[in-house]
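Both of the next two complexes hold chain A, though its partner changes from chain B to chain C.
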Partner chain A sequence: MIVCVAVVGHQNNPLYLQSFTEADDALKLHHVVHCSLDVIGERVNNPKRNAPALNETFLGLLYPTENYKVYGYLTNTKVKFIMVTTDLDVKDADARNFFRKFHAAYVDAVSNPFHVPGKKIASRSFGARVSTIVKSFGSGTTA
Partner chain B sequence: MIGVGKAKQYANVLDKPLSRGRQEVSLSAFAFLFSEMVQYNQTQVDNIAELERRLEDAGYAVGARVLELLCHREKGNKREIRLLHILGFIHSTVWKVLFGKGADSLEKGTEHEDEYMISEKELLVNRFISIPKDMGAFNCGAFVAGIVRGVLENAGFPAVVTAHFVPIEGQQRPRTTILIKFAEEVLQREARLG
Partner chain C sequence: MPPPAAPKSGDALFASVERVNAELFTLTYGAIVRQLLTDLEEVEEVNKQLDQMGYNIGTRLVDEFLAKSNVSRCADFKETADVIAKLGFKMFLGVTATVTNWDAEGTSCSFVLEDNPLVDFVELPDTCQGLQYCNVLSGVIRGALEMVSMKTEVTWVRDMLRGDDAYEMRVKLTKQVPEEYPYKDDD
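Moving on to the complex of A and B:
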């Protein structure tokens, strides 16, 4: 179950932050997302020896906290997508698939000529598409 | 996506192919829109430098979005970190998506290390434009220079991009060259990456 998705700009400014559960404190999820930005910065600046190519976009599992797993994805313009989930077993292919659809929705939202780059994404249809993608992620892993 | 021909007219809508089509915009529609854009900006500014800057800013917005779109759609989400790769990407992929064909040539400047040039015999945006003599060296290709600057800056390669006319003997109309001058940090990073 995905509890939170976030889009963070290239200066680490938040562009979109949406949580999908009312139970947990939204602030705690924002804090988790914020901490994961550090991990991304680390991964980008010091690649591990057996790391994927420097120009790979899907960063994989960033770090597991008590009951969450955080996945990251970096686009060509240093815009980062963060996904927080409570699923215990998340297949790599599912996470990649999720980010691919999310990236498509993000590109469509940014192509809007009225969207100011660097400001928050205020498009309602983007929010609706993200909710659909998040819902379909859950059903994929319970198959 | 600016095409040269008009779409084939079908007598019956059922005969239209089911595929998405060639995704092209008619050249005349774009030329009209671009000429209106230049005229609108001309009424708002006092001098040529300001007009060029406005066209370039308009191009910058296009470039930023084109980069996001193309990286997702065409290149399978690979990030470019090498200078030559991003220049090759602009010179082939971006040009092909925007103008229907690759750019004519990509050259490295001889005087300075940080200068590169993309040349084109005739920029598509300039095809129906002729510059009056009293405007001097103004070039509406500033719009295309803005697009290139938008792509480079959002990919992490800050640069100053300008468009120039280069007269070639034997041809009536001069060639257009987009001159790209990279910032110092880009060259340092490139040297570090080896």
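Moving on to the complex of A and C:
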């Protein structure tokens, strides 16, 4: 199950951070997200494959820590979505699906004329949509 | 002389006019409201400006509406309201409104909009709670009706941006102004 999602802007400024577990872990999760930014930076600057894939948005598993897995997704405006999960096996398709829905919610939140780009996302409906997407994440994997 | 064309239905009207991308329209309107807020800073002033802008649009819009839709003269205010809800809203916004809550004299009614393209993606921040985001629509109706000799007052009853379930505006016919001629008849 997903413990944390984060949206980080193109200057690595945090735009949205939501954890879905007890509050004690919140600081640790912030730290995990922060470290994953370094991994993203590396991936972006040194592409591994010779032929870059057409869809470079989904970055995949960034790094596994002791009991978390961190997935990343990069939009063309260099906004990064980070997802931290405790699931032991996460199907690639599920993660991609999650980020696709998350991207759609993010785009709707940013289209709000009262949202200032670069500031934190203050939309309540974005939070609600993210919670729904997060809740429906685990259920897809159970057969 | 060819016979006059029959009045078109709402869908046919909507299909016959030139259309614009809905997101472009929504984002443009959002930008207008944001800019007004930055320039005027007072929520009440912005409401008034939106109403005035709507009024200016409405006075011009009603001619285009009558030219394209070919409706005949309305017998009373009830028919006018139906025409606005079914044909007017459909032609210009692509959505139909329902007319409800007629009062006893037939001079006041409500237009209920379930779906409003102006407000897609919009969430009012806490600093702008008094903002009537769709006030331009009330101005448009007021301006259009004034050009066909009806003075009205339009107020917002329900607003989805404030947590209600639909958009409802109350239109009250205050005066039916008879045609005034600039010359005297008995000269």
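Just so it is clear, the second predicted complex is superposed on the first by the 135 of 143 C-alpha atoms of A that agree within 3 Å, B and C clash if a C-alpha of one lies under 4 Å from a C-alpha of the other, contacts with A are read in each partner's own complex, and residues count from 1 in each chain.
What we mean here is this: contacts are C-beta pairs under 8 Å (C-beta built on N, C-alpha and C of every residue); 3 or more make two chains touch, one makes a residue touch a chain.
Everything quoted here is computed from the prediction, not taken from an experiment.
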Key: Which superposed partner A:61 touches (first chain B, second chain C, both, neither)   = neither
Key: Which superposed partner A:122 touches (first chain B, second chain C, both, neither)   = second
Message = Which partner chains sit in contact with A:114 here, chain B, chain C, both or neither? Use first/second/both/neither.
response = second
Inquiry  = With both complexes superposed on chain A, which partner does A:104 reach: first (chain B), second (chain C), both or neither?
reply    = first
Inquiry  = Under the stated touch criterion, name the partner, chain B or chain C, that contacts more residues in chain A.
reply    = B
Inquiry  = Looking at A:74 after the superposition, I want to know if it touches chain B, chain C, both of them or none. Which is it: first, second, both, neither?
reply    = first
Ask   = Common interface residues of chain A with chain B and chain C?
value = 111, 113
Query = Considering the complex alone, what residue numbers of chain A touch chain B?
reply = 10, 54-58, 74-78, 100, 103-104, 106-107, 110-111, 113, 117
Request  = Spell out the part of chain C that touches chain A in their complex, as residue ranges.
outcome  = 23, 26-27, 30-31, 33-34, 120-125, 128
Remark   = Listed in rising order, chain B residues that touch chain A in their complex are 61, 64-65, 67-69, 71-73, 77-81, 154-156
Request  = Could you please specify the touching residues of chain A with respect to chain C in the complex?
outcome  = 108-109, 111-114, 122-125
